[in-house]
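What follows is a set of notes on a single structure, which appears directly below.
Chain lettering (A, B, C and D) follows the sequence in which the chains are written, and residue indices restart at 1 in each chain.
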């Protein structure tokens, strides 16, 4: 979601300095033709919680009216009150998990959004980011639209509201034809559940079935949790309309070669999810195996930075024939609101989340496997911790290429100037982080791990702009 | 505020059955050119708390940006956090107290509202009710406006946003020229505070001055609390623009004879407030005196139903030469959320708030003075309580004419079918309530208490539609 | 309750500077043989809310087990949750309202307290203050008792726990025989409700009946709210045991002449309550009449400082033949937590609660009637406000003698050095407060208002120590 | 902690049915001679959060006074408010994490407890469980002690309070000489930090040093987080007194052969902790290796039940030469308060926390490694889930012997009748759970993994009563 200038009703969330990762901004879920639809939505959103922990919302419909609840906090906490769930009536529902960037934590930014159109109500939730949202927002304000949130999702809502088409689905298509960027959308009318994925398919969206009910979700793990079967990916550029007559597929946009986000495989998605035929855990393990081939090292043990580095570390260890051990232990009780440390104890930093398992590291040559390096702050602290625990050598291996470019498609990335890979080459990065050696998976290695022969420069199979700077869409707002 | 079909993000408040009064729906306050403007707004809203206890909001501006906080609850509770007050920067602010009707208690309905226009931000708060809000809302939705609240205030915001005029004040005038009904509005841009009152002046709005600062408020008691001087009423149909150059008065609407709400004098307003030259306490006491003349009774004591019946009872007792005594004691600790009584003890009802002071009632002929009778539920219980305390006779005197008609101008009134004066004549009402005699002030008596010779049928000085059914504006929504 | 050195688990409440009154510290309620006993206790505590607004607690029993809930806040707020009420099972219950002095607001200080004795459980609530609590506490700690609260009530609990008697009622008597001071206690075992009042009857306690149920309460207004009949006062020194066999009265202590607190009549109690044959409203009105005779003044209007000054002002006006008018309006929405005012607007102080009704004061000679003067801070501000509203003369009349001495019997009074009547004579007080004349009711006048010929110096009928300094009990802790 | 009959001020927590593990009940931490001691305590408790998530408390002292805060919830949440931390002054502090069994979640049960003794204040926190607490409690109540909590820790407090010795440390020893069972205690006076471990050393307690500060903690991971050095285990039966003169060790109890809890190694402790020379992760991996030797299986992949089964699964896979893969993914966002599922979707149960990673399981012969089987409910669901994901065979291996006996030493275990190993032999358990084969580590294998030759039946090195039923202490309460 684009960070518009803060609305006066916004309040500001503060993010931890030590949280040195790219962040997915959203997860979406929709279900149609299922009694207790909202309860299924809660479960689906719970399975997608890793895609956004700031807030969650659900809109349901009983075919006549709409019911909604939106709240900050984890799904399991905010939707645990039976009195709330009883109000979310009906056999159709959509839901949304939200990751908030600074300054956007206000309640009115929580999705799904809702608009009463003259053709009836419409609720909509969106994962992704528009690259011409500012441009459209300015035009809409000039035309008299009032924005209540600072989300780009509301731009889509206003385009729908102003469309002159007479059916809600046509209005949605009309709106989508004006936007650029990445989006996977679920929308709910009193009659239909709609899912749509941008023409490049940058953000994921899958289709499932549970008895007579159809399900849309960002990841397959949200199908698993409710026992639904995976049917297929929603195709890039496809719009599916699910109503009492079943599922109808439309292709309102010109065909383009798909470019799904490769970073979903590397970091965001849950290891037990799958799209486009690839299981996420498998991909990460394959990357680890490629990494072992590309960047071998004389070592005694392969240690993951938990939890995200684990699958690649397993792959690396198996390919390298080295023992895999948990040399770093993660404390999962770290919430969003840990004590503001005083200056004196701030240096403890990383230990709130990670601790060296000294016995597995002391005197050993360690291959440390992590998922990515963003600003390098966490990596530096982890390496320091591993050395303090007695490691004689630290060889860092990164299960992603260097991330040198910001994302404009729904990922929260720091300013480009803060990206370590933007400032340094690998050698300088190794020195900065304090490792004996540093190796990133190559672009070709990454594509091999995904079953290709390497990266096809003319027609890459994925959006890999954060590594290459090759953005697959126009960037209207950026260029203005 | 019009009760539109509930928005799915609304939640529902439940009102006590025993709260048998008409209810004011809002109070507004604005201040310009005063450092710590928001703190003054908090005090002003506190003084206006009787006009709405459900929620409150403040928007401030420092000349560049806008800052806002809105919350459910009493002003003194929700704005008691210094961390919130520190965020409300700037030397101009507007505020709003809100009384919520069922189904509209959601956060997005709390005023002031805010819109980012292409000509800059505008925040607005409204006391009153539009009589063509539904009509306009439908038209606006057809044109693609998205409503986020179920308030009629948002209709005004959308009309402003869609106006083709280039200055914000002109856009406001443009919007006002399309609405019908009652409104006292305060609005804030980054450069000006604007106040406006509908052409009939149905809802009150006064102007004050504190040093260099100008103040707008629903009642004079909000001037008193901050030590400001009362300057004058804002005239019906007048629009005042207060900015760095001072105060400019405009009369954008055709002149009409004013019709301020007479019920403000009788019940809503604080006794220490004044408009149009009349002190509220004085008016109520005069009504009591008229009532003594119109409906005398042989009795031992005059007892008010506290607190609202007190001034009229003092007037009655003085005119009748009878002792005035507190024969009913009110418990002020009754909040909104008292225990849901079980069936068995629900009959205790009125005693949560009122208790008979037996020693002042036992064996006495009692004249009971109350401000009005709405559904009659409370009156019946009070009379029963007074009799149980030993009163030998109960003569009820009401300091208002019978309320037989609903209000469409910002007062929360029950369905007409529920109004006792709609169902019964005075004699039948007396029997229903269980009193030995019942007397209402006459229409002419009411006007005499306000300094007139009686009610001028052709040109009444006040809006008295709740008594007479003569509505001074068109009622577009009702007629559709 | 004695303010012991703060327990480390206490947290600190801050009281408003402007709250310039003596404060009652507690109200108690008990009911036996009534299904839904806890709901009745909630209503009783609600009626007694004026005796303590900080916190409330209820213990109930079903004859076998005990159930309890204690919480900060108003009764109507904290006991409004049906889920809590459902847990308070049984046909017997006791309850307690608490006013907290600084430093004692912690949850473990909320009464009723509970102890599991070897003879069964016992819960107890206490209104009053022991004058040898510190002495006993030290002795108990030396003997190995662990104190969990900083209340003197816990001293009683430990004395009960350590008593060698075998019945719970005898243990209570054993404990009471060791304490000095003022106490009205309700206690609950699984078999009986016990009420006891100290030998001088300093704090009130009344007995009521509702069908088969017996009720104990601090004031009669708590009987009225549940429709119970007033039976009689519990006698000073009397202990009543209410169980399945009915009510048994014991007199375990040597007979003494009763000395009920006269300040209960003047300020603490609700006007609709009565003890020892005197209705509180009546007494206040009589005091006003005496005051009119003792301290007449040439004036145009009698104006009460609301709410507590109203009955005396009515009495004064009737005796003096002067009009009574509400020249000061009170805002009842002032809660405990109003916004911390900045220095600049702190001078607004009193206006948060009171506002002058200018029209009733302007150009008039005003007799201002208040209930008492404590530190004089509020009086000074009120007089200033009344003069600013145009009063040509202000004659203050106080419906109590000068309060020159602290209370050790359960009333929260400031340090003696802060009491205006301790520092100044009446003339100097008048000058300090800024009035044209100042008159206090005389001690004899006060006793006359209560139906006596005057104060019998050898055997005063009431505890009037706060006026006279004649304390009717030993003050062990103070003397140590 | 013993579950005494519920105190009426207790409220009831509800535990998930699906949480099918033994539960540690507490973690303790103490620090002396460190400015900002309380902040270090927060970090230490955060590292020990796995030992109790229900509530946490800290008492600090500045050498004169004591300061305390206790709250329900995670350490990082409840101690994140700087205003709370500022109140916890001084350079010495103790803290406690609490796991609550049903019915004991009330605030007054949160440790550390505090008592004001005539020799000064004493605060105390306790991990473990007394086996004669009920006996002592009854005796103390008979003697007049009042219990405010339902914890056995309060028994220790009362014994201390009643001791006739004159120094607080001697009183503690006096108290400890009367109790039986398991305890690791940290206590704080205004002058000293005291740590003590029961004579058998059943519960852990380690000693650390950070500059001039001494630290006591349940596990070494609490030393790591603050950068402290591990010094040594506190010896079974040892009492250490840390004050301004340094550390003094006392052995007040007769020497016994130590019997530390073996289950700490197998499940409770964090993998990065160590006692008595054994790193927890190492032990678990060794158990996995032993398990591979004792219970081999023809299989394609070794899959852990995350997170606790991971180390043993790694050991098993390495010993068996089989690939290790994450065939089950754990959702770490499952909090305590997840939505109450309706009957219809309750069968989803285990999926809230675990999901099968189908790609790693489909068509494979799977060795599933878990830490223990308690009631078998979770195991049954996990096996079902793994089979539904396509596993052709499921061979379950448990990294603990069958748990057939309840623990009386501070572990929350179900009633013996609910323990699957109490009801069935291994074959029947395998059938019940639905696996192709089931293998538990043998008792001798377990001891071998800990570096012994096997279990010495006459003098076992550990408390293994939950496996063997051989309780190393008398069980006074149980026998009564």
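We take it that a contact is a pair of C-beta atoms (placed from the backbone, for glycine too) under 8 Å apart; a residue touches a chain by one contact, two chains touch by 3 or more.
Just so it is clear, the structure is predicted and the values come from calculations on it, not from any experiment.
Participant: What's the overlap between the neighbours of subunit B and those of subunit C?
Facilitator: Output, common partners of subunit B and subunit C: nil, no chain qualifies.
Participant: Name the chain whose C-alpha centroid is most distant from the C-alpha centroid of subunit B.
Facilitator: D
Participant: On a C-alpha centroid basis, what's the spacing between subunit A and subunit B, in Å?
Facilitator: Here subunit A and subunit B have centroids separated by 50 Å.
Participant: Any idea how many Å lie between the Cα centroids of subunit B and subunit D?
Facilitator: The computed centroid separation for subunit B versus subunit D comes out at 61 Å.
Participant: Give, as an integer number of Å, the spacing between the C-alpha centres of subunit D and subunit A.
Facilitator: It comes to 36 Å between the two C-alpha centres.
Participant: With touch defined as at the start, can you tell me which subunit D residues reach subunit C in the complex?
Facilitator: 7-9, 11, 59, 65-68, 70, 107-108, 114-118, 121, 123, 138, 141-148, 157-158, 161-163
Participant: Going by the contact rule set out above, which residues of subunit C touch subunit B in the complex?
Facilitator: Counting only subunit C, the residues touching subunit B are 36, 39-40, 42-43, 46-47, 49-50, 53, 74-77, 79-80, 82, 85, 221, 224-227, 270-272, 274, 279, 281-282, 285, 307, 310-311, 314, 318, 323-326, 329, 331-335, 337-342, 344-345, 348, 351-352, 355-360.
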